[in-house]
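The two complexes that follow have chain A in common; it is paired with chain B in the first and with chain C in the second.
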Partner chain A sequence: MFWKTEKTLGFPRSLGIVTASIAFSTNLQAKQIDWNKAESFFERTSRFWQMQDQSVQIVVLGSILIGISCGLIGSYVVTRRLSLFGDTLSHAVLPGIAIGFIWSQSKDNPALLIGAIIAGFLGVTCLTLLQKYTPIRQDSALGIVLSGFYAIGICLLTRIQKMEFGNQSGLESFLFGQASALSINDIWGIGITLAGIGLFVLATHKELLISGFDPSFARSIGIHTMLLQYGLWILLAFCIITSLQVIGVILASALLIIPAATASLLVKRMNAYLFLASLLGGIAGLSGTFLSFLGQGLPTGPLIVLVSTFLFLLVLGFRPKTGIFTHWNFSRTHSMRIKAENTLKALYHILESQNFEKTSITSQDLMQRVGIGRGDCDREVDLLIRMNLATQRSTKDSSKLPGQSLITLTPQGWEYACKIVRNHRLWELYLTNEAKYASDHVHEDAEKIEHVLGDQTIRQLERILSNPREDPHGKLIPSLDDIEHGGIKNKHAAEEGFRYSNPT
Partner chain B sequence: MKAKPIEIHDLTVSFQKKPVLYGVDLEVEEGSLVGIIGPNGAGKSTLIKTIMNMITPNGGYVKIFGGNQKNGIKRIGYVPQRESVDWDFPVTVMDVILMGRYAHTRWFRKIGKSDRQVAQACLEQVDMTAFADRQIGNLSGGQQQRVFLARALAQDSSIYLMDEPFAGVDAVTEKTIISILKNMKKEGKTVVIVHHDLATAKEYFDHLLLLNMRKVAYGPINQVFTHELLQKTYGGKLTVFSEIASRAAKQPEIENKMQRSEN
Partner chain C sequence: MTLIPEFNFSKVFLEPWSTSTLINWNGQIMLMGFMVCWTCGIVGSFIVIRRMALMGDAISHGILPGLAIAFIISGSMGLGSMFFGACIAGLACNFSIEWLHTHTKLKEDAAMGLVFTSFFAFGVTLISMNSHLHIDPGCLLYGEIGLVPLSEKWKVFGFEMGNRSLWTIGLVFCGVVIGTIFFYGPLVVTSFDSTLAKSMGIPVKATHMSLMLALALSTVASLEAVGVILVVAMFVFPPVTAAFFLQRLPTILIGTFPLGIIYTWGGFHLAYWLDCSIAAAIAVVATLLFIPACLLGPNGGILWRLKFKT
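The block that comes next holds the complex of A and B.
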């Protein structure tokens, strides 16, 4: 259920916040690593990838590690449908950070971490109490806790900025993230969190898998599901708190959700899921940092989130089978094929109506037969020419209308046309003989089916109908023999050197 | 005397002050194939879940093989209702069946080759070998139910509790399931099944529990599957009882009594 809400509500919201953060970042100054105006784009790129600056090293390392831990823990958040829970937890830690700051009057102090943990714990407690003792549904309860705690946090932050020690506090970096302010100590925190998550996942992998899929079954075989859940929550809290410095409170949950959601589109097993989500998180961390390094006023956190949103959209569009673009491309080529097949069939019908006496068809005949104008006709013939199924030449004959052309099928085109007509007529015959359709009902159906009948089905139909020669309307069904050895053409076109002759 | 696989004594369960089960006693013999029958809301699933310790009763107790319920449920293979799990979860059919083997492995231990062989055999029994690598979301309802059954088989328990395994499955799957159940019985396992179809109950089970908040009757099928008893389970007489019981439960003194029995 949460995942569904996230799908409809989370992404637009995240995007809105990203835009807002980028807009705000100009006010928040120095959001990225030191900037040298004289440098060109390429110099800057190479300076980034050489990674000789210690500040660059720290930010890159931090972002990648955060991406990996968020991907790992996010896989559990998304598969357990806790997306909103992650969001709530990340907002709930804000008042704790503010109080920790007031207590210690400095930004680099364990008091902030302790405050954040306590606030996160209080948030979860409030949530549990709301669910246990009120009839309020889970999503509403999450919304209440999220906004309530966040509001307290904002009030405290505003107060702090009015205090004398709060002026240069840079506390708003916890709101929007400030990667350039990462210190070695932060990296240690991030690294230890990742190690903790890694160990936890390794040690309890199968228990987490069972309790995620079927908690009541897990309990029945003696797995302590609550213990696992608390473990996940604690690690989730640490993951969020350590990533605040880079991503910020508001966007922290995006990095939990988006890489894992992307992975969910691609894989069917948990191991692959974990691997892919952490890989995507790491890539987003690296690329986001790189992009923010390229220009002035480009905040790292929101860019990391944007990169991972971009990766999500990419996968959504191009994943095999069900991707939006993949599907669109398939149906486009599919409908093009059907169009070509219909034109071929019309050409065959014209040839047939002339008892196969002529080798080419005038565009006038085709236009009349299909009932289309000059433009459409040209387009369809062009399609056939591009597919190497037909050739076209303009007529020199002055008795014909100007701009007329003669269309001639290539051997492949001829074979293809026979095949389609054959599919159509076999299917009609099958419907009337075996499925007892009335003969005036079968044409519509065969119009669709002819394009999807495979060779194997055709053989089968032939066997069932014992190699018929005529369709229900008394027309010849061009048989495999006719197609392969040119049965029809030999009969009609031998004397005028029919162009559809086989090379053999 | 050997201890009974499942022994239930004076079990009372209520949801938000509304009793669902009221003073139920039950002793299931080893090796019997028991069907639980009753109208909607009779407490059939609740009874199963209470035995599995997923619901805490207001009164009474459950014993498994004469011992403590909490340890006892590890000897029970539980097949929940199909809707109770998330079928979009990233696991394959084989993963789910291997979960049945986890009951036999300890923390930090890996699933071994023998476990995989057992799982493979279970998969074969339910006729799902071809689907081993399929993600569970891409299965039909009947196939999902077979997967659950195979997981239970892989558990190799002495007792099986199944919550409506026949719900929404086709005739072929139903036949597969019932033949597996008969096999289990032959191996001396005790199987208890929540069932909702009176028409097939008589041929599927050898014991029947007629339940409608109270135990109406329990015994061998030919003694219990009578017109009179079924009428009593599904008919009007007991609706009056359930109405009065829920009205009474809202009154303070009975609630106190319930709380006392909980303590």
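The block that comes next holds the complex of A and C.
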């Protein structure tokens, strides 16, 4: 049904897929949007993405700009360990907003902004004084300023609600944010803040970098670190104040921290970090606004935060090298490889014990050798077959146990098995000859290392041991020649002129 | 109507206690305020000496999704489900913060800010999605201690035990006091020197966990009264103010009791005068008391320091 809607609206197909998937995911969450309302729901979606509504344009523009500026300055907040400072600052502006409201008696007034700036400045001053002149530690000082200012703000807000003002309903929106109430003036404020942050970062990029990571060095080469810090604080305050309308007092710090924290997991260079953080902030702003546009009465701020948390979790899970899923996948394939190698080794040992007279191994032998049951055996052989290292066929001999099968190594499998056994035996020899281990103590160690020895180490071992033929237990080490030419000469077999040749 | 009404001593201080109905009503509010201040003060003392004041902030925000989910599943404000949800969410918040700052390169402050804002945003979204739940997010933020006498009656096996909110905070308060008395040693040693505690065979992790649990429990119990953000004021202000006058931890713990009484009494009458939220007024009184303590306190106060410097 919705493909039709999409075509009549002339949507690009990819955009349609994206919106549909977002729509589906919100549908799972939001109980109030049920399928009966689907029509209006998709209409809403299309209305949002076409952005013909001026109010939608303003809101989207506003939240993207806020996301970008928060991401940009948030990078410095996170690297300088100011995260909770941002949180405190955002709570501390509340009394300023309330007083500005009482002063101007309207919600859309620069008085609110001025009040917020003054209150934020007072908050920072209190914090600095507390830390400088009292033995109170940083965390308690932050808590004191945060809750003290917030309490005064709430006191004033509840007082305002009891007073007879005409337009007082909107003040609650400062707690959680209400993007739909953004006006064109707010956009100007946000835009100017972003421009200010951008200019500041461009102009003092090098100095900020040095003073952030090595303040004493920065001071020694004549950089005014305190000046830079105050500049950052002022911009941070502006950024928080302009974003209050969209994201609210309580969560304002989230948009500073989360995109920057996400970026810090991915990149190391500051330039890329700044870019990525602001990109993520912008994405979060856009999609959070979209989600809140879909439902009735959903606050924008929390949704923007949730989107950025979602992005953070994605990055946490799938980031290269250390991501949870990446790691899990790596260890899974790793353990699968080790399992396959151990089976190959067991197969080699069976062949060896039969003096390489047969070319295939019965599954019975494998089960006995490794000491596993039918199911495990089948699974391991399946793994080998999937990796194209062995083939399997059922026996024609009906006198044997039912379900028995013959396992035959492919050329690759044979080569691989030889390599593993070779690794194992070379290492054993190395331990006994060079490290002076007793020959009955070397097996466990070799059992572990055989899976990780690389080609180069093997060549080195060979050189040190001068191309040995036998391991400490008197067994033959499959030589390079054997591995490459697909055959092995057994001690006895060599005497009899028998040469095991690999089935092809 | 002006911002600050005219101050009238008899109206502010005597009127709330003029009739027996009013005494009963306001007495319950005061009792609630006392117990909230005491409970949070005791838990807060240990949190402040562990330099984890903002962990209190984080946990108190972080329990919100637990409460919301408990509401959604049980469909009512059942005590058991509320406490269960809050404890689970509080511990989850704590674990996520620790995991993030041990397993990634995020610093502790960033991890904290990230986790609690996300939890809080999740909780707020859940609540606003299920508008039929009749939870006012604003109320969760700054509480309404004035409505505590209206709280439903608590019934045990059909017996009416009285006001449920009061019973809840009372039980949590008793639990916290008993826990502090019994585990005072481990709590103190782990707070000041965790290596020594480990060598003495004290389970450091478990002590930490139970403190976090106590934090979550006292937050939930005070939720109706002061909300999730002002509770931070209740955690931080009593021990910090007391520490300007007293040096030893036991005296600080005892010092939170008179402070709690002053806070509640002052806040109640301030709110009666200004006609604003009582919980916020209690926190404002705490802030106002902190300022002279910080200036005049013999134990590190600013003026004393200046005097000794010259």
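Simple rule for what comes next: the second predicted complex is superposed on the first by the 441 of 504 C-alpha atoms of A that agree within 3 Å, B and C clash if a C-alpha of one lies under 4 Å from a C-alpha of the other, contacts with A are read in each partner's own complex, and residues count from 1 in each chain.
Note that contacts are C-beta pairs under 8 Å (C-beta built on N, C-alpha and C of every residue); 3 or more make two chains touch, one makes a residue touch a chain.
Just so we're clear, the structure is a prediction, and the values are computed from it rather than from any experiment.
Colleague: Clash or fit: chain B and chain C on chain A?
Modeller: Overlaying the two complexes on chain A (C-alpha atoms) leaves chain C and chain B fitting together cleanly.
Colleague: Go through the superposed model and pick first if A:221 touches only chain B, second if only chain C, both, or neither.
Modeller: Only chain B; A:221 stays clear of chain C.
Colleague: A:207 in the overlay: touching chain B, chain C, both, or neither? Say first, second, both or neither.
Modeller: Once the two structures are laid over each other on A, A:207 reaches chain B alone.
Colleague: Quick check on the superposed pair: does A:81 touch chain B, chain C, both, or neither? Answer first, second, both or neither.
Modeller: Both partners, chain B and chain C.
Colleague: Scan A:143 for contacts with chain B and chain C and give back first, second, both or neither.
Modeller: The second partner, chain C, only.
Colleague: Comparing chain C with chain B, which touches more residues belonging to chain A?
Modeller: C
Colleague: Using the superposition on chain A described above, determine whether A:302 touches chain B (first), chain C (second), both, or neither.
Modeller: In the superposition, A:302 contacts chain C only.
Colleague: Name the contact category of A:267: first (chain B only), second (chain C only), both, or neither.
Modeller: In the superposition, A:267 touches chain B alone.
Colleague: Which partner does A:91 reach: the first (chain B), the second (chain C), both, or neither?
Modeller: A:91: touches chain C, not chain B.
Colleague: Looking at chain B versus chain C in the superposed three-chain picture, what is their shortest Cα distance in Å?
Modeller: Comparing every C-alpha of chain B with every C-alpha of chain C, the smallest gap is 6 Å.
Colleague: Please report the chain A residues shared by its interface with chain B and its interface with chain C.
Modeller: 81, 264
Colleague: Which residues of chain C touch chain A in the complex?
Modeller: The touching residues are 1, 3, 48, 51-54, 56-57, 61, 104-107, 109-114, 117-118, 120-122, 124-125, 128-131, 137-138, 141-142, 229-230, 232-233, 235-237, 240, 274-277, 279-284, 286-287, 290, 294, 300-302, 305.
Colleague: Mind listing the chain A positions that touch chain B in their complex?
Modeller: So the residues of chain A in touch with chain B come to 79, 81, 203-204, 206-207, 209-210, 212-214, 216-217, 219-223, 264, 267-270, 272-273.
Colleague: Considering the complex alone, what residue numbers of chain B touch chain A?
Modeller: That would be residues 49, 52-54, 73-74, 76, 78, 80, 84-86, 89-92, 95-96, 99, 102-103, 105, 107-108, 111, 135, 151, 155 of chain B.
Colleague: Flag every residue of chain A that touches chain C in the complex, lowest number first.
Modeller: Per the touch definition, chain A meets chain C at residues 29-32, 78, 81-84, 86-87, 91, 102, 130, 133-140, 142-144, 146-148, 150-152, 154-156, 158-159, 162-164, 172, 175-176, 250-251, 253-254, 256-258, 260-261, 264-265, 295, 297-299, 301-303, 305-306, 309, 312, 316, 322.
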